[in-house]
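Here you go, one structure.
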């Protein structure tokens, strides 16, 4: 039984507590938050829990095996580092840290101490994304031409991080998980519409070594919610619409065959390939439940998580590069991995 | 009665012929195309028409007042220039010309001869776009924050122009028509997935002097067709979905009010404004009919068309800049107007 | 502070407990269920609650002011009658009782004792239905021509009641709430696809004295979920789609004007009226919260609930008539009110 | 080469002319309509055609092999009978005739003279319906439980026939084509909202000998257009949405397995079967083209059409029974075949 302490009981904390409570193999034994009123709301639901406002008490509690961190981004590094140094396994909200140098130190610390460090790239644990990865890995899509994601809505404006850190990280971590190759360069544009606040609209292009491109569009200020991803392959194409209640994933047997048109020098003869569409049944397991069980499994069997510290570091690196590009209005930033 | 000659009877030509036939105030009297079999298919429907394969005959036909050009892009300049020099009014398919220097010469020639030069930026003549322009001009949307357009489908690959010239020009000309200010700079990315062929995916960001941004995503290779435009204003927002059969335009009384959150230093207090949605009734007039009548009206009353040569030139300038940026992977290109 | 006891902690019970817990003015103090394992799951969330398996203990608990009954239909009468006789106010799941004679006795008992009897016709308390009632009452729709509801999905098969008792009651109670007049007769058809089990498909037509008709289609066995209601008025029409996340209600300024066509004796000249569409903003308050507060308010101020015993009785009468008709394959059953 | 004469050049006539013009194996050589202005609009497109206002001239034209009748329903019998008696093959708009006795006489006359009589049940010739028939015939859906069709919109009000004759006939003829068994009885309800005019809303239930049911909902007065058909089988289920541009047909591997629930006497243990969805690619051939070619093929090879006079007679019989039931508010009418 893995005993879990949770730091931060704001928007996402209750989901983490609930999932580690219900996961077989773990129990939440302690929760801390600086805001007393949050703890009292917690007390109504879980009256037996130890609570407090001081995270050091929790981190140093010998009764705790793993620390889950769901606090503002700027605190991730200090809390995660303290927890690792106290010998705890750590699950930290995305992003892993506010800066890549911090992220790298966390990776190194976890490695040195042989502790599990899992970054909560939640979508990686959804049934839809796991199926996409499986389909791409199987080769059924053929060569991957492009990955295009739109994630926009009238969302909660953050004031410490921009919309890339808040929303695009979801798509970037999905891309990281499902595409076998890594981007070579990034170009991003965006804007802030609230003076003095971080960018609330961003467009990010990722360039790959092969003839592959990825693009992510995020926006906190749209009248309708859109979660729409297109993945084009030479053999098949995917539409992943996360708002569809039952058919989130549609696989199209569509594409093109290109040959020069003999009679018209101004046109290519494009023979469209129009085939069936297929929507695989997904289980609708809660992603956080899959992730909690995976964290426990990694701790118990000394495994590397699918979204380990290195994945978390890659995302921080990538977002830093995207931010640099955005602030320089699209300037190409080469990426090293 | 304006007597119209049409050069090019391929994909779009039949629509032009039909609309100038049915428009009161005009009649198509002559059509030419290099491909004889195209003309024989024309003969089945309009047996009385003069036809031929030589465009010079048509251009120099004294019985013709106006020349409509629906041929490949590379031929636009020569044909339009010849027609203007022969004293004909000209309607030319988008884009006005393959290069900005050519476009400028056409503008100058039309001005010098006091002839009407209309570029077929078709969407400008749709009821939806006219309503958008009206809503923005009325100030009801407030300050315009962003314009975001997606125009993707499994489309006809062109081999002489890329997807920007073919598809993005629609959105760029709508933006040109509905936004009062002009973009200051452009950054574009994209890729070709067919070796040796033009780019079939492109992402274009337009920067404006104010805190306004526009973005266009075009793609010839997607499994589903999307025509989805979001326009965000400080007071209201628009969703324009051209594939909706009856409610193409939805106006949302949604937005945000931003104030610092007193109790939580990590969050802004964003009070969402969530109001009614309203879908104005549109007439579903065929855009090309509106455009044909406008062309006739401009000829008869010596008016400047809404999509005149200058608008056509602006689009060619803009697309050239976008292409330069795309080939340099997002490098910012400043625009002069 | 109204002290509430809840009988039945199955599918719907947890929602009732949660809502009476969180409603200001009430607290759930006791819950009973025959299944001990249900109570233990309850204990995890609300450790302070009195629980037990014997409903009489709860009903006779002097510390309880109101009894909420969420048990199988066949038990509604006995439990509600016992609670009323013990002087408790009662909220009972729909339908009020399994037979109309039982329903009538409950109405009489509540009236005689001046106790609140509220039937949980949940949809009556949704923002969407309240807005529909308001729009109809305001006269903005004009004369109501028809009400057409579809409520189908791959749903939980019940074995004690058929799909009319389970699903159609929602639509019938909405109709009862929003239409000013009562149906005069009913004709229903349907079928069971599981041998020995109640009907899982039903079609119900309600006839009104005026030229008004209503129809309800319910089905437990469809591959997709549909919640689609059309309301046609002489002035405006409503589409109510309960699955739409944000625009559940659309009001169309559409209709017809009919005049004889002078030139063609075979056609009426129907001039369509095609106007704007408008989607009023709804609050998305949880219906059960509105209902709980209403129940408390009725108790505290001795008011008649909107869905009182008489409404519950009307629904049982109507469903009995529909069942009779269904089993006689559509035979018309006149209704007395 | 089958020489075709078309009687009636109103709403549907132009489509018939165009399709028999373009079909290889036929040509339209003569068209008649009582309204001269209709013929002049025809002359613009097909200047070589013989035209006139007298149908007898056309029917008795020895140069004509087949007569296509697209006139008001009340004239179908006289025109079709005259054409058969003149030895012509006949294609007649749906419904075959206004009364079943007339329809029977046409069937007998065609049989006696060995002439092809095809009724234009257009949807039978769509790719979607042909695929549905194929899927049902293959047994892949298992036992068919129900067929539910909704066909509603703000439609052209007819004054000579009601909405059943106008719209429901489409669904009834599809049902006739795809289901192997015939209905045993019918119950229908409906209403007219325009005084003195035919019913504009109707609900029709068809009972089959097996545990199968079908239902058709038609309405000329709805704010949105719906073409939504659900077909439930014991193995798979179909959603056929004719308004979907690309995926009109979705086949769901969904259903139920029913076993008594051991622990709860009030519930059946329904294990839902939730599997993949599959949308077969359809060709989007114009139905009328398929039908025209089929008509020609039947003439040339002396075959019986898929929608022959007998099918037309079945539909008239069925609609007469439905009308009788509707006017008696749902009274069950047994059907003889």
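Should a chain be cited, it is by its letter among A, B, C and D, assigned in written order, with residues numbered from 1 in that chain.
Keep in mind that, in the parts below, contacts are C-beta pairs under 8 Å (C-beta built on N, C-alpha and C of every residue); 3 or more make two chains touch, one makes a residue touch a chain.
This structure is a prediction, so every number in the text was calculated from the model and none was measured.
The chain with its Cα centroid farthest from the Cα centroid of chain A is D.
Should one ask which of B-D and A-B has more C-beta pairs in contact, the pair is A-B. Separating the centre of chain A from that of chain D, both taken as means of CA atoms, is a distance of 52 Å.
Between the CA-based centres of chain B and chain D the separation comes to 42 Å, rounded to the whole angstrom.
Centroid to centroid, with C-alpha atoms defining each point, chain A and chain B lie 38 Å apart. The set of chain D residues touching two or more other chains comprises 224, 274, 277. Residue ranges of chain B in contact with chain C, taken from their complex: 247, 253, 274-281. By the touch criterion given at the top, residues 35, 72, 145-146, 148, 150, 152, 154, 156-160, 185, 187, 189-194, 197, 201, 203, 205, 207, 211-213, 215, 217, 219, 221-224, 226, 228, 230, 232, 234, 237-239, 250, 252, 254-256, 258, 260, 263-264, 266-268, 270, 272, 274, 277, 325, 328-332 of chain A touch chain B in their complex.
Touching chain A in their complex are the following residues of chain C: 45, 47-48, 224-225, 243, 245-246.
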